[in-house]
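Before I ask anything, here is the structure I am working with.
For clarity, chains are labelled A, B, C and D in written order, and residue numbers in each chain start from 1.
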Amino acid sequence: MGEITMGGFVARDKEFESRVRASFARQSLMTTIGARLTKILPGEIEIEFPFRSSLCQQNGYLHAGIATAVVDTACGYAALSLTAAGMEVLTVEYKANFVSPAAGDLFIARAKVKKAGRTLTVCSGDVAAVHGGDETLIATMLATMMALPVE
Amino acid sequence: MGEITMGGFVARDKEFESRVRASFARQSLMTTIGARLTKILPGEIEIEFPFRSSLCQQNGYLHAGIATAVVDTACGYAALSLTAAGMEVLTVEYKANFVSPAAGDLFIARAKVKKAGRTLTVCSGDVAAVHGGDETLIATMLATMMALPVE
Amino acid sequence: MGEITMGGFVARDKEFESRVRASFARQSLMTTIGARLTKILPGEIEIEFPFRSSLCQQNGYLHAGIATAVVDTACGYAALSLTAAGMEVLTVEYKANFVSPAAGDLFIARAKVKKAGRTLTVCSGDVAAVHGGDETLIATMLATMMALPVE
Amino acid sequence: MGEITMGGFVARDKEFESRVRASFARQSLMTTIGARLTKILPGEIEIEFPFRSSLCQQNGYLHAGIATAVVDTACGYAALSLTAAGMEVLTVEYKANFVSPAAGDLFIARAKVKKAGRTLTVCSGDVAAVHGGDETLIATMLATMMALPVE
C-alpha cells in the first residue's frame, strides 16, 4: 500500500526518485560526461552516456575510469533508492573488470542492489557499449556502498 | 650495464620513459583532468592532478571515478615501464577503496608494480589529497594489467 | 549439432563434463570440505557443501575463506567448461563480499561465466546457505580466470 | 604513556594481544590449517602455516582459498588490534591476486592496517611461500573490515 516494490526491494521513502534526481544533478562529473538517468526503480538504476573524445585513453576508446565513474554512480543511487529519507550514500569500495574495448557512440550503465543491509549495501553493475542496435558488455562492477545521515 | 633498475625492477627497454610519456600524452582524459606525470621510474609512476569543480560528486568532492582513472593510468604505466618495446598495456581489472573524502587542491596518484609476469602484471597504487603541505590518503587500488603487442 | 549450448555459451570440447569432474576430484581441499559437483553445464557450475565444525571462524560460522574457496573452484570450472581440450584454468584474482553470517547446514556455490575471452574469462558466483528449505545469500564473487595449456 | 604504537598506529586497548589470541584460538579453520600467530603488533599481524596435502587444488599446490583464508584472518586481527575493548571485527569484503603457484613447505601471511576508520578499516596483506630460506610472493589482498560491538 503506497509501497513501491521491485525485484524483492521496497522503497522505504516514497520520494526516492526525487532524492536520486536531486543528488545526481549535483554531480558535476555526470554533467561533464553528458550522463543522464534513464531508469530509477527501487534498487535499480540505469544511466546512459555518450562517447566523448575528451574522456579517452591512449587508443581513443573511452577511459576505463569514466565507465567506472558512471557505473559507480549508478550503484550508489541503486543503494540510495532503498534508504530512508535523510540518508545519503558513499562509495566504500568497488572492483571492476574490463572485458572489451569501450568502443561505441553510446554507453549504458545498469546497477542493481544485490543485498541491502542496515549500514552497507552491495550492488552489482554492468556497462554496455551500444553499436547500431547491439550491446556489448565492456565492464562489470561489484561495489560496497555505505549509508549515512545527511549532515 | 645500461640497465635502469629500481626496487628490484629492471626496465628491459631503455626508452621506457619516452614510451610512457608518448602514451600518456594520447590519453585525452588526462588532459581533461589536468594530470601530469611527475615521476617515471622502472615499475613506479607518480601523477599529480588539481581539483576541478567540473569533476565532482554530489557533495563537491572529487568524484571517486576520477581518482580511480588517474591511479589506474599510473598503474598501467608502472606496468608499461617494465615491458619490452613494442608492447602496450591494458587494464584487466582493479579494485579500489575510498577511505577519506577527496577534498583538496591537489592530488597525487602513486603506483608501483607488485609482481611483473609474462602476460599479467599486478600493481598497487594510492591517491593522496594535499592540503597545505600535508597529505591525506583518499584511495588505494590493487590492479591487474595485461601486456599485449601494439597492433 | 553436437554442440552443447546454454546461456549463449557453447562448449568447444564435448568432453567438458568429464574434464571438470576429473580436475575437481584432484582438489584435495574439496574432499576435505565435503564438496560435490551438483551441476555442470557450459559456463555454469554448482557445488554443494555441508557445514563442518572444523572449518569455522571465531563465532562458529563457516570461515569466509571456505565459502571463497568453493565459489572460486566453481568459477574456475565454469571457465574450464568453455575451453578447448588440453587447457587448464588458473585463478588470476577474485573479489568477494560477505553479506550474511555463514550459518546453515548446507551451502550452495553457483558460478557463471560472464565473459569468456581468449586468455581471460570473467566469472561471477554466489554462495547461499540453506536453512530448512530457504536460501540466504552469504557471499558474492567476481573473478578472473586464465586459460593455459596443460603442461 | 602506556600506549603501544607502531607505524603510526596506537592500540586503544592495552589487552589487544590477548583479545587477538583468544579470538584466533576459536577459529577452528586455523587449527585445521595448522596456522599460528607469529607477530601481533598494533595494526600488524603475521601468521605462519605449513603445506598440507589435504588443502590443495588440482595440481597439488595449496588452494588459493586457503591462502585467502589465512591472510583474511591476518587482516581481521590487524583491524581488531586497533579497536576498543568489547569490539569484534567481521570481513566486509576482500580482493586477492594470485601471482605465483602456492608451492612451498611453509607460508607466511602478513597483514597491515592501511586506514583505520570508526566503522570500517582497510587492510592490505601478502602471502609468501618459503623455500629453503627464500620467500616468493604468492598472493596479495586488499580487504575491508567492519568493527561491531561483541554481542
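By our rule, contacts are C-beta pairs under 8 Å (C-beta built on N, C-alpha and C of every residue); 3 or more make two chains touch, one makes a residue touch a chain.
Since the model is a prediction, treat every value here as computed from it, not as a measurement.
Novice: Suppose you list every residue number at the subunit A-subunit B interface; are over half of them used by both chains (same) or under half (different)?
Specialist: The interface of subunit A with subunit B is built from mostly shared positions.
Novice: Suppose chain centres are the mean of their C-alpha atoms. Which chain sits farthest from subunit B?
Specialist: So the farthest one, by centre of C-alpha atoms, is C.
Novice: Using mean CA coordinates as chain centres, what's the gap between subunit B and subunit D in Å?
Specialist: Result: the chain centres lie 28 Å from each other.
Novice: Find the geometric centre of each of subunit A and subunit B from their Cα atoms only, then give the gap between the two centres in Å, rounded to an integer.
Specialist: Here the centre of subunit B sits 24 Å away from the centre of subunit A.
Novice: Roughly how many whole angstrom separate the Cα centroids of subunit A and subunit D?
Specialist: Comparing mean C-alpha positions, subunit D is 33 Å from subunit A.
Novice: Which residue numbers or ranges of subunit A touch two or more of the other chains?
Specialist: 92-93, 95, 97, 122, 144
Novice: Looking at the complex, which residues from subunit C come into contact with subunit A?
Specialist: Residues of subunit C touching subunit A: 95, 97, 99-100, 114-115, 117, 122, 124, 137, 140, 142, 144.
Novice: Can you list the subunit C residues touching subunit D in their complex?
Specialist: Within the complex, subunit C contacts subunit D at residues 23-24, 26-29, 31-32, 53-60, 63-66, 68-70, 72-73, 88, 90-98.
Novice: Show which residues of subunit B lie in contact with subunit C when the two form their complex.
Specialist: The touching residues are 92-93, 95, 119-120, 122, 144, 146.
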